[in-house]
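When the chains are written out, they are named A, B, C and D in that same order, and each has its own residue count from 1.
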Amino acid sequence: MIVVMSPKSSEEQLNHVVELVEEMGLTSHVIHGTDRNVVAAVGDKRQVDKGAIENCPGVEKIVPILAPYKVASKEVKQEPTEIRLEPSGAVIGGKALGIIAGPCSIEDRNQTIDIAHAVKAAGAVALRGGAFKPRTSPYSFQGLAEKGLEYMAEAREETGLSVVTEVLTVPHVKMVSMYADVVQIGARNMQNYMLLKAVGEQPKPVLLKRGMSATMEEFLLAAEYIIDAGNPNVILCERGIRTFEDYCRNTLALTIVPAIKKVSHLPILVDPTHGTGHAYLVEPMSLAAIASGADGLVIEVHPDPEHAHSDPAQQIKPEQFKELMEKVKRVATAVDRTI
Amino acid sequence: MIVVMSPKSSEEQLNHVVELVEEMGLTSHVIHGTDRNVVAAVGDKRQVDKGAIENCPGVEKIVPILAPYKVASKEVKQEPTEIRLEPSGAVIGGKALGIIAGPCSIEDRNQTIDIAHAVKAAGAVALRGGAFKPRTSPYSFQGLAEKGLEYMAEAREETGLSVVTEVLTVPHVKMVSMYADVVQIGARNMQNYMLLKAVGEQPKPVLLKRGMSATMEEFLLAAEYIIDAGNPNVILCERGIRTFEDYCRNTLALTIVPAIKKVSHLPILVDPTHGTGHAYLVEPMSLAAIASGADGLVIEVHPDPEHAHSDPAQQIKPEQFKELMEKVKRVATAVDRTI
Amino acid sequence: MIVVMSPKSSEEQLNHVVELVEEMGLTSHVIHGTDRNVVAAVGDKRQVDKGAIENCPGVEKIVPILAPYKVASKEVKQEPTEIRLEPSGAVIGGKALGIIAGPCSIEDRNQTIDIAHAVKAAGAVALRGGAFKPRTSPYSFQGLAEKGLEYMAEAREETGLSVVTEVLTVPHVKMVSMYADVVQIGARNMQNYMLLKAVGEQPKPVLLKRGMSATMEEFLLAAEYIIDAGNPNVILCERGIRTFEDYCRNTLALTIVPAIKKVSHLPILVDPTHGTGHAYLVEPMSLAAIASGADGLVIEVHPDPEHAHSDPAQQIKPEQFKELMEKVKRVATAVDRTI
Amino acid sequence: MIVVMSPKSSEEQLNHVVELVEEMGLTSHVIHGTDRNVVAAVGDKRQVDKGAIENCPGVEKIVPILAPYKVASKEVKQEPTEIRLEPSGAVIGGKALGIIAGPCSIEDRNQTIDIAHAVKAAGAVALRGGAFKPRTSPYSFQGLAEKGLEYMAEAREETGLSVVTEVLTVPHVKMVSMYADVVQIGARNMQNYMLLKAVGEQPKPVLLKRGMSATMEEFLLAAEYIIDAGNPNVILCERGIRTFEDYCRNTLALTIVPAIKKVSHLPILVDPTHGTGHAYLVEPMSLAAIASGADGLVIEVHPDPEHAHSDPAQQIKPEQFKELMEKVKRVATAVDRTI
């Protein structure tokens, strides 16, 4: 941490900062510059709240040096984390891409099983589907709850696909964890810390979606909560951020893929469905995601999007998914990945 | 809802849209324009998912006409909602401003009681304080939990102030609701729908903070969740949004105050502490908030910000709060409000 | 400037950075931390491009210490800059607020003179109006050009108001400067550096509007261009930034007012017309701007907004402006300012 | 255009809107809804300012139906525009990708010629380089001006590459147009309408970079200015937008590539250099751009980035560019494009 003193700050104010730094258990180095002085505080105290010093008289600003996340970073673990999904045996984070596909909401038993067969045939390794739906409006379809989980489990039986589904609240964690092979934390819950801890305490891998306005640092700190609670199997997922752009529902921030690869060992997928919000954009952005280095995709597929109970505008049909997968395979090969 | 057909769409595609509209229980009016046709779908079906039609062949876009919120809107209730806080008797949403102040985190018993006396003397009607802290980093102070609630209750006994505190997760709602006079939903939980429902089912007024990237519509839909679950006493609170600005922690979007007043009957407060993130900005933005028409303020006050366990950079001292309140009173008078 | 080395960087890489720092004419201090080393580069070399070092092997990131602007900063000049407008004699940046009002576009002679009388009667010190209009669409009204400037000059003759008008391109600077008392640089041209230099070389004060996505630093650097070219009379103006908010045309970022006051000696006005984009929001945000510490306002007033040639949705009528000014006066008094 | 009346609006207010619509030369259709009435205004009047009606009493909002751009849209021209560059003969917008590469600033003669040879050998069709540099700080290197143009012309002689360079201001258009094969409009000038007109009146193709906070509609309207002034050869270029993200200099919004392809016939390139701001991100985002459907790339290449006069952090070396091109070719093949 670097403390930048304001140009007119006094010697006394400088000394006060030095004291506060040492009170925190850090070592201080004072550097006298031409325009202003700075105090470099040395020591690994990620939990020290730098704001404490920012409020001192004579301080202009605080510049953190260490990233605040640790166990999610490459400093702690150099080699990429590979996460094996049961029962499919697929590995997320290795050379092979992991494609997860399925309807936005689980709506009925037959639909679920049919879609599972279709996405498996096209190359998906896991079935996604919402049993509990976080809907912006209280008047929208809220999901089938446990019934939906049962249908997914049945689809797993039939196809061997792994099952990925979202948990919305702490009291549901146990139940969802029982049915699912991967527990998903949605974008709106990325900073629901109680929920992060709860999924950190259950054994299934966690698919953590990036919050709509989360910085990379906040994203990795959310992963850190889960790992810190005991679960090292966190799969990150970029799904679009909120900006001023209006031709799409969210701005898919693909650059986070190589940026995450530089600082963290965790695998990262991309969700081009929520990341764009329009069916016609899913295919080109799937290809772009793979080319950028993503470890896989999360795609919504529905047999009859016009009659879907949720997110109809952005789901694609099984036949479109099949075509998309053909193209994904070609791009994957071009960047030395497999499916 | 208006369905805009693309210029090259066929008669058959138009007919398909009309069918789908009527299948939804709406009446359709086709308007033949010079460049393209549009279908106006009439009827109050807020729960209809417009995306269903967006996915139809030949459709260019869908334009919603009705706002998706209803009970939070002025269409349903013209007169402003006034919410009485116990035991202080203060009313939020009337002519008098409601000022809520206190430390970021409840740290110990004496601090809590001292601050309560100080903010009451300066004119606050309620004491705020965090017992459960939503922290970005798992290594930061997480709050005193129930002990913190007890200290706040004691401070209420001593001062007569109402107590405002945040609830983070469904399993805590009952306990927090027992101690608090106003239950707060933090910005990170604004779209935690299970939590919104849970606080909608308990009897205390709810202070709903705007999410960091929430549109006005999403903000009012979150309020709608709470009202829909049975609790009409929702106090909105603007607390800054995430933008590219970097001289502040968040961009305080004060224009939402008069914008909300135009479409909704709910009261709205402003939190200049989180809304700016720096102590020196709290006073000017408090005055600006009142001038813009806010029904009150939520301000963090700490006896020794340098040693605060959380958010030290943005808390002000009791003597600064006292001065601020003197100025707030003058601006309040200038806009025909009282304290 | 602080150079943060990556944890696995070598001694050789550290030495290379030290060499590069010294090659730039700066002094280097190496600090060996627990996790990584940092190099503090000391010396006032604002023009040194820190990116040069960021690209070196073993470097994790560069943290600038000095703000890149200088003559616009309080480090160079502590007392606030007061700028006198001719012929009105109004001073921008002192205790008295400066209110600038008038139509979006100058449309005809009589309209211009009538509006000038009306805004003067209500307390404005200057007339604003567009002769050259920067329009998003090539099919929109583009302004009366020199004819418009003549009408404004005539209105000045009649009323004694100062005249504020925008210049769009370098070849027009001379002409606009001849007619205007204050030359305006619009938001879309805030980083049109050739234009900034050109208005820096003419003698009239410059009203510099903040770009739609400009940081505070970029805003002050744009002012610095003008001052550096020879013109110290720069009046800043916040006019809203682009965010995801959709209930308004721009998000009025009022917090920049006290933030600028902290680091710069330049006066700052607020434009609640473009800053919100809707007539009904102009009054509350004018009051908020004054309460936040702004040195004045820029407001669009039109006798018949429904038939205005540009920006009809956001202009207010003369009688609304008069009422607004009554309220502005009350808030001004409450914050110890005058009109 | 759809005019949505507010629920409590009167019959008289509705009639006033109808009159105003017809006064504009449009036909009106009134639709009586369950909650509110709407007026559909039919007719191709893109230049009608919808704000005029928004300001009428009883009006809640205006919803535009037609996109405001016309000649840039597919409605006017279905087949993709292909733009031939001289003297290289490369075509932008066809099956073959167009790769443009070169240093940020032209710094000296030999560097320019060497880089030109290097990028040509790797497969580029044009040399980019800045002779006039738009720098955020007045203290930064501002370019070699005409001398820089001469060096680029010489490099063209030697290599046969086309030359792409930026023009900053109207008085330079003639000179730049004389030397360059493609005239570039930078992001900061995307809404400098006088400059857009000026490059629309010269004969060379124009490379139009997207403004940092431009919507897709504004981007296409800027192209429309150029086309409308007489020059149909506009090449669009996505180069990152400003958001809250801080691990990159800009957020590369790749989704605009397929979105533009849907509504416009103009070719679109991607600039991963400015679009990310860090050398290590250029390669993965180049591949992603091609996979998303871009017609080519604009990449900064410098022989010695550590000593570059501008943007050192984001330029790559010739050998890195060569490697990148090998990978680009593989991805291009995978999406049925050639180089």
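One rule holds for everything that comes next: a residue touches a chain if its C-beta (ideal position, glycine included) is under 8 Å from a C-beta of that chain, and two chains touch if they have at least 3 such contacts.
All figures in this text were calculated on a predicted structure; none of them were measured in a lab.
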Can you name the chain that lies farthest from chain A, using the mean of each chain's Cα atoms as its centre? C
Since chain B and chain C share one sequence, what rotation angle in degrees maps the C-alpha trace of one onto the other, as a multiple of 5? 180
Report, in whole Å, the distance between the mean C-alpha point of chain B and the mean C-alpha point of chain C. 31
Let me have the rounded angstrom distance from the C-alpha centre of chain A over to the C-alpha centre of chain C, please. 38
Could you tell me the distance, in whole angstrom, between the mean C-alpha positions of chain C and chain D? 26
Using the touch definition from the top, which residues of chain A touch two or more other chains? 213, 242-244
For the complex, which residues does chain A have touching chain C? 2, 4, 7, 29, 31-36, 38, 40, 42-44, 63, 65-66, 75, 242-244
Going by the contact rule set out above, which residues of chain B touch chain C in the complex? 213, 215-217, 241, 243-248, 251-259, 262, 275-276, 280-281, 284-285, 287-293, 327, 330-331, 333-335
Any idea which chain D residues touch chain C in the complex? 20, 46-47, 49-56, 62, 68-69, 134-140, 168-171, 188-189, 191-195, 212-213, 218, 221, 224-225, 228-229, 242, 278-279, 305-315
